[in-house]
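Comments concern the structure below.
Chain IDs A, B, C, D and E follow the sequence of writing; residue 1 opens each chain.
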Amino acid sequence: MTETTPLAKGKAHGVKPLVKVEGVHKFFGEHHVLKGIDMTVAPGEVSVIIGPSGSGKSTLLRCINVLETISAGRIYVHDSLIGYREVNGKLHDLSTKHIAAQRREIGMVFQRFNLFPHKTALQNVIEAPTQVKRQSKAAAKLKALELLEMVGLSDRADFYPAQLSGGQQQRVAIARALAMEPELMLFDEPTSALDPELVGDVLEVMKDLAKSGMTMIVVTHEIGFAREVGDTLTFMDAGVVVESGNPREIIANPQHARTKEFLSRVL
Amino acid sequence: MRSPLGGSQPAGGDIDLIKAVPVRHPGRWVGAAVIIIVLVLVAQSLVTNERFRWDIVGTYILDVLVIQGVGWTLILTVASMAIAIVLAILLAFMRQSDNPLFRYVAWVWVWFFRGTPIYTQLVFWGLVATLYPTIVLGVPFGPELLTVNTSILITAKVGAIVGLGLNESAYLAEIFRAGLKSVDNGQMEAAEALGMRRSKVMWRIVLPQAMRVIIPPTGNETIGMLKTTSLVLAVPFTLDLTFVTNTLANRTYEPIPLLIVAAIWYLIITSVLMVGQYFIEKHYGKGVDNVMKAPVMATAAVAAAHAKPTTGTDGSKEGGKE
Amino acid sequence: ALALTGCTDASQQPAPGSTASAGGAAAFDPTTAPKDEALIALLPAALKDKATLEIGSDTSYEPAEFLDKDGQTPVGYDIDMAKAIAATLGKKAVAHTADFPTILPKLGTVYDLGMSSFTITQERSKAVNFVSYFNAGTLWAVQKGNPNKITMDDLCGKKVGVQTGTVQEEPDVSDRSKACVAAGKPAIDIISLKNQTDITTRLVGGTIDAMAADSPITRNALANTGGKLEVLGDIYDSAEQGIAIAKNDLPLAEVIEKVMNKLITDGTYMKILEKWNNADGAIKTAVLNPAVSN
Amino acid sequence: MTETTPLAKGKAHGVKPLVKVEGVHKFFGEHHVLKGIDMTVAPGEVSVIIGPSGSGKSTLLRCINVLETISAGRIYVHDSLIGYREVNGKLHDLSTKHIAAQRREIGMVFQRFNLFPHKTALQNVIEAPTQVKRQSKAAAKLKALELLEMVGLSDRADFYPAQLSGGQQQRVAIARALAMEPELMLFDEPTSALDPELVGDVLEVMKDLAKSGMTMIVVTHEIGFAREVGDTLTFMDAGVVVESGNPREIIANPQHARTKEFLSRVL
Amino acid sequence: MRSPLGGSQPAGGDIDLIKAVPVRHPGRWVGAAVIIIVLVLVAQSLVTNERFRWDIVGTYILDVLVIQGVGWTLILTVASMAIAIVLAILLAFMRQSDNPLFRYVAWVWVWFFRGTPIYTQLVFWGLVATLYPTIVLGVPFGPELLTVNTSILITAKVGAIVGLGLNESAYLAEIFRAGLKSVDNGQMEAAEALGMRRSKVMWRIVLPQAMRVIIPPTGNETIGMLKTTSLVLAVPFTLDLTFVTNTLANRTYEPIPLLIVAAIWYLIITSVLMVGQYFIEKHYGKGVDNVMKAPVMATAAVAAAHAKPTTGTDGSKEGGKE
C-alpha cells in the first residue's frame, strides 16, 4: 500500500531534505488517522498532497506544525526534530518556547482561515511581524499593504473579518502567513473558498513564491496546480501515502488502483 | 537518524508509540514547593493555635441548631436562585427585544437591583408591611377588587426569598447576556435558516452553547448567594446558618470557633456545589471541550489498529456513491 | 469649616430631640480622675510601660457606647468609665470601634479591656474574666398610650422586638414564649434585629407591639423618640454588666476590680453615670467574676 | 451593464416563477453591495450563480433567506413577498413567526457550514425535522441516516463537528438542509471544502435532487456543474447581474467583456 | 406586484429605500404599559410616603461624613478589585498550566476563598495580629532573617483591602476561566502557528476576545464589591459609606432615610460604573458586535451610491493581478 516511489528533485539531486516525515502515526482516541506516513521535501520543492476527504491531509500538516502531537514516528524540519528533543535515544518534550521558535520558520494557511476577528485585515497581517519578529509598525504595515495588494485586497485593509466575504478572508489568511516570511509554507486548501478567477491569481502568487525558492507543502484539490507547479505529488488515502512521485507521471500513469480511481473522477 | 519502524508498513510491524519525557520546569517546581510549604505552615498553625478552640468547634459542628441553620440556608439559596434564574432569562431576552420599552425596563431593573445594596433591599422587604399596611388590587382609579393585609402576604420567609431572588436576578441577567453574546452569530442564522422559531433557536441552539460560559459565573453567584443569605437578618429571618452561629457565639462569648463552624459548613456546601458545577460544565462542554485532543496511549488502541486492515476501508468513503 | 465644598454638615449638629448627648449640661471630664501609684504597681509587667489602655467596644449602643458627631470618636458612659480607669492607672484610654465578634478574641493582645455593656452570665464567664461595674435590668416599652393594650401578663402572640444576641432575646423573651406554648397559647413573635435603632423605629412605626431591652437603652430610646413611646411595667431581672478581660489575664482583672472600687468610693463613678442620665444603674461594689444566677 | 437576457426554461415555458428577485439593493453602512438585482427562478429550475469573490453572491442568497434585510426592492418566493407584508402599497415587517414559516420552505447550505458544535452529525441533521416539523425521533433518525449515507458519512454519524474534517462537515451541512425537504434549496459553494472525487459525488446528489424536481439556487465555482446541470447561469460582478441565460450559450459565447474575462481565466 | 424601480439600472433611477412599518405587538405594549404603571405607582408611593422622611434624606445626602464615606468606599473598591484582577488572571493561567501542582493550588485557592464567607475572612484578617503577633521571614528550620510586628504590617486599611482582594480573586478567576473557554480553539492555533509565544497568544489574541464575555460578570463583581466593602467593619475599618450612614442612623433614630442616602450614593456610583462598562464592552466588541448589520438608511449613503459609477470598479478585484 505505501510502497514509496522514488521521491522528487530534492532527493534525486542529493540535496539535504528540508522536511522529513518518518513513519508518523496519529491516533485520535481509538481512531487511527495517520498510519505510518513517510515523506521528504527538499528545499525549494513544492510538494502537493491530494486525497479524498478525511484521508488525514490536514492532520498531517497540523502534525508538522506541532498543532497535534504525533503518536509515533519522527518529523524533522531542517534536520531538527519537530516537537521533541532526542537525548540518548530518548525523546523529551520541547518547551513551548522552543516549539514557538520552530513554528516561526513554518507558515500555515488554515482550511478554516482562523482570522483574528477583533483585528482588521491589516492588523491581522502585521500582528506576527510586529509581535514575534519585533518589526517596527511602519515597516510591517508597508509590507502588509504590499501583501494585501498582491492578493487583491488593498481596499479591504480596514475591514474586520466579519465584514469580508469567504474568499476575501481566505486571501487575508494567506497574506498573514506570508508576512512572517517563513522558510516553509503549509497550505491547507488555500483556494477552497475562491472563485476560479481568484484561484488563478492565488496560484499565480504561489507559483511566484515557488520560483523565489520557498518550500511549500500544499494540500489542494487543484490537480492543474499540482501538474504545473508541483515538484512532487503525494496521494493519500485513509491515513496512508498510497503513491508519491512526479506529478505529471502520476497523473498520466497512476500505479495504484485507488489513485487511478480517484484521478478518474477528477479529470 | 534512526527509523523506529521496521518499515513503512504500519500494519506489519509494531507501532513504536512515542513516550516523551515531559518538559522539566525546575523554577515551577520550586514555586510549587514554596506554595506547599506555606499551605502546610498555615494549616499547621490553624490546627495548633489554641485560640481557634477546636474543642468548641467539635462541640457545635453537629449541633441541632446548626444543622437546622444549614437546612434553612440551603432552602433560601435554592429558592432564591430559582426565582433569580427564571427572572434573569426573562430579562436577558427582554434586553434583546424589539420593543424599546421592554429593553428599557430590563435595563432599569438591572440598574436598580444591582445599584442598591441587598441589605437595604431586604430591610425594605421587611418594612413593606410597615410602609404599606395593605395592598389593594383594583382597576386604577376604579373599584378595589381585593385588599390584602401585607403582613400576611409578605411573611419573613417570603420577604427573604423574594428579596434575594429579585436582587440576584439583576446580576444573573448580565451573566446570561454575556453568555448569549459568546455564541457565534452563524449558529443563530443556521438555526433560523432551518425555519426554527426564535424561542426554539434560543432554547435548543444558543442557550445550550452559551451555558459553557454561563455556568462558571453562575456558580460564583450561587456560592455567593449561600453567604448573602446571612443578610436575611434584615427582613428579619432568623434561622439561617450565620444567624444561628452568631447567636451561639453571643451566648458563649466564643466567636472564633463558631465562625469556624459556619465556615466549615459553607465550605462543605461549596464543595458539593463545585462538584455539581464540574459535571454541569462537562455536560454542556460536549462536542467542544471534551473532544479528544490527545491520543489515547492505551495499548488497546494500538491493538485495535493492528487488528484492522489498512486498506482504506475505514476511511469515510464507503457511502460516497449512492 | 468644611473640608469639601458643597458638603453639608448636618452630622456635625446635635441630633434633634436628643437629650443625652456628649457635651451636655452635666459635662464632666473623667480623665481628671487622680492617678494611683499603688494600683499602678500591681499592673502586670507588660502593661506597666504602656502609655495607653486599649479598649474594644461595639459603638452602636447609645448611651453606653456610641459614636460622636464626627462618626469616628466613641463616647458614652462605658467610654468615660474607661477613661477614668486609664487615668487612675496613669494612662490614656484609646477606644476602638469594633464589630462584636472581634472584641473578645483580641483581648490580651490588641485590646486590654472590652467595654461594651457585656451582661455577665455563667456561660460567658467561662470564656472571659468579668469585673462588674453596672447594674442593668430589662425594661419594656410600647407605643405612647399603649394602643394595643399590651400587658406584661399577656404577651403571647404579640410581636416583640429584641436586639440580636441580648439576654432579652435569649433566655428572657424566648422563655416567655415557651411558656405561652406550654399554656396552649400562641408563641410570642420574636423580632430579633441587629440594631437597637431598628427596633425602636419599628415600635414607633407600629410593626411590632413592644420591645424589651436593657434599661439604659430603653430610657435612651424614650428620650430620643420625643414622647412617642412609653414604659411598660417595671425594671426586672437586674443583672450585672461587666468589663471583659482575657481569661488568662487574671492579674489585670484583679487590678481593674480594685480601680473600679476606688472610682466608686471617690465619686467619679457616680458623676459619670449622672452625666449620662443612668445613675439608677449604679452598683455598690465591683466584683471580679461575681456569682450569677443565670 | 445589467441588461437582462431572456431567462431560462421556467419563464420560457410560461410557468409561474418560484423565486422572483426585483431590483434588490443592499447597503452595509456606506457599502453598496447589491445594486439592483433582478432574477427569476422557475419551479424545478437549477439556477447557478457565478462571479468573483466579493461580488455579492452570498449576500444575495442571504437576502432570499431573510438573513439580511434588503435596502430596496422585492423578493418573492411562491408569489409571497419575503420578509414583508404589503398592505395598500405600504410595507410592513413580518413577525418572526411568519418569517420562520417562510424559511421552512427554503433550505440553505452555508459557505462556512455553521454546524451546531454541541450536537453530533446525526443530531445536527434531525434537529429541524423533530423540532420544526415535529417528526418522531425514530422517523427523523431513519431519514437522517439515509441522508448521511447518501453523502458518504454513515460511519461518522456520532462524531461531533470538531471531530470531522472540513469536507465531512460540509457534507453534514448538506444533509442537514436536505432533511427539511424544502421546496427551494440555496447552496453557497457547497463543494468548496471537498476533494474533486467528493465534488463529483455531491454534484451527483444535487443532480438527482434537480431531477426529482427540486428548485435550487447554487453559488458555485464549478463551471462544469453549471454547464451540465444548470438551467440558467447568472454571472454577477460588483453587486450587479452582468449576464444571465442558458449556461452552455453563455459559456460558449459570453456577451460581456467582463464575463468573457472571468470565464477565460476559468476554462 | 409593482416594481418600485424605474428599471433594473440601479445607477439610473432613484433607489426606493424600504421603510417598512415595524411589526405591531399589542400584547407587548399592554405588558409594557402595565410595567410603566407599576413603576409610576411605586415611585409615587416612594415619594409621597412620609415614612421615608425625604427631608432627612436631603439633609444628609451631601453631608461631609457621607461624602468621605463615598470616597473611602471607592478607594476600597478600586484597590481590592485591582488586586483581585491581577490575582485572577494569574489563577486562570495557573488552571491551564501543565504543572499539576499549579493547577491544584489554583483550584484549592478558588475553593477556599469562594467557600468561606468573606465576613469570616475579614474577621481573620483583623485577627492576624492577634493570632500571629510577629511574622518571621527566614529559611525554614534555619536562621530568621526578618521579624515584623504584624500589627504594623497589617493595618486596618491593608487588612481590609487585602482581605477583599483575595476573596474576590477567587470569583474573578472563575469568570476569567469561562471567558478564556469562550474563545474558539482555532484562534490559539492560528496564533501559535505564527510562532507567537504562549504568553503573547494569551495577551494579544485570546484575552482581548475573551473580554467580551468577561466584562459583564466582572461588572457584576465590581458593583457587588462596592457593597461588600461595608463588611470591612469586621477588620475593623470604620470609614466606609455603610458604616457612616449606619452611625448617623443610630444617632438620629431614622434608619430608613439614611439607608436611602446610602442607596442613592450606591446607585450613583453604579450608574457611573455601568456607563464605563458600556464603553469597555463596546471597545472589546469591535469586529464582532459592532459590525454593521443593518443598512444605514441615511440619504448620504444613497447619495454616495448614486455618485459612484457601478461599473464594478468598487469591487475587490483591482489588485487581483500583480
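Going forward, a residue touches a chain if its C-beta (ideal position, glycine included) is under 8 Å from a C-beta of that chain, and two chains touch if they have at least 3 such contacts.
Everything numeric here is computed off the predicted structure, so don't read it as measured data.
Among the remaining chains, those touching subunit A as well as subunit E are B, D. Separation of subunit B from subunit D in touch steps, taking the shortest path, is 1.
By number of C-beta pairs in contact, chains B-E lead all other pairings. With each centre defined as the average position of its C-alpha atoms, the distance from subunit A to subunit D rounds to 31 Å. Subunit A and subunit B have Cα centroids separated by 43 Å. Looking at subunit A, residues 28, 52-54, 96, 112, 156, 163, 165, 168, 197-198 sit in touch with two or more other chains.
Under the contact definition stated at the top, the residues of subunit E that touch 2 or more other chains are 22-23, 51, 123, 127, 130, 184, 255-256, 292, 314, 316-317, 320.
The residues of subunit C that reach two or more other chains are 101-102, 105, 198, 205, listed in rising order. Contacting chain pairs in the structure are A-B, A-D, A-E, B-C, B-D, B-E, C-E, D-E. Chain contact summary for the complex, subunit A toward subunit B: residues 1-2, 4, 20, 22-23, 25-30, 32, 35-36, 38, 52-55, 68-74, 76, 84, 89-96, 237-240, 258. Taken together, the subunit D residues at the contact with subunit A in this complex read 28, 50-54, 58, 111-112, 156, 163-168, 171, 189, 192-200, 221, 223, 262, 265-266.
Residues 65, 67, 96-97, 99-101, 103-108, 110, 112, 114-120, 127-128, 131-132, 148-156, 160-163, 165, 168, 176-177, 180, 197-198, 201, 204-205, 208 of subunit A are the ones that touch subunit E when the two sit in their complex.
Of all residues in subunit B, those touching subunit D in their complex are 184, 186-187, 189-198, 200, 204-205, 208-209, 284, 286-288, 291-292, 316-322. Across the complex, subunit E meets subunit B through its residues 22-23, 25, 28-29, 31-32, 35-37, 39, 45, 49, 51-52, 97-99, 101-102, 105, 108, 111-112, 114-120, 123, 127, 130-132, 140, 171, 174-175, 177-179, 181-182, 184, 212-217, 219-221, 223-224, 227, 230, 242, 255-256, 259-260, 262-263, 266-267, 270-271, 274, 289.
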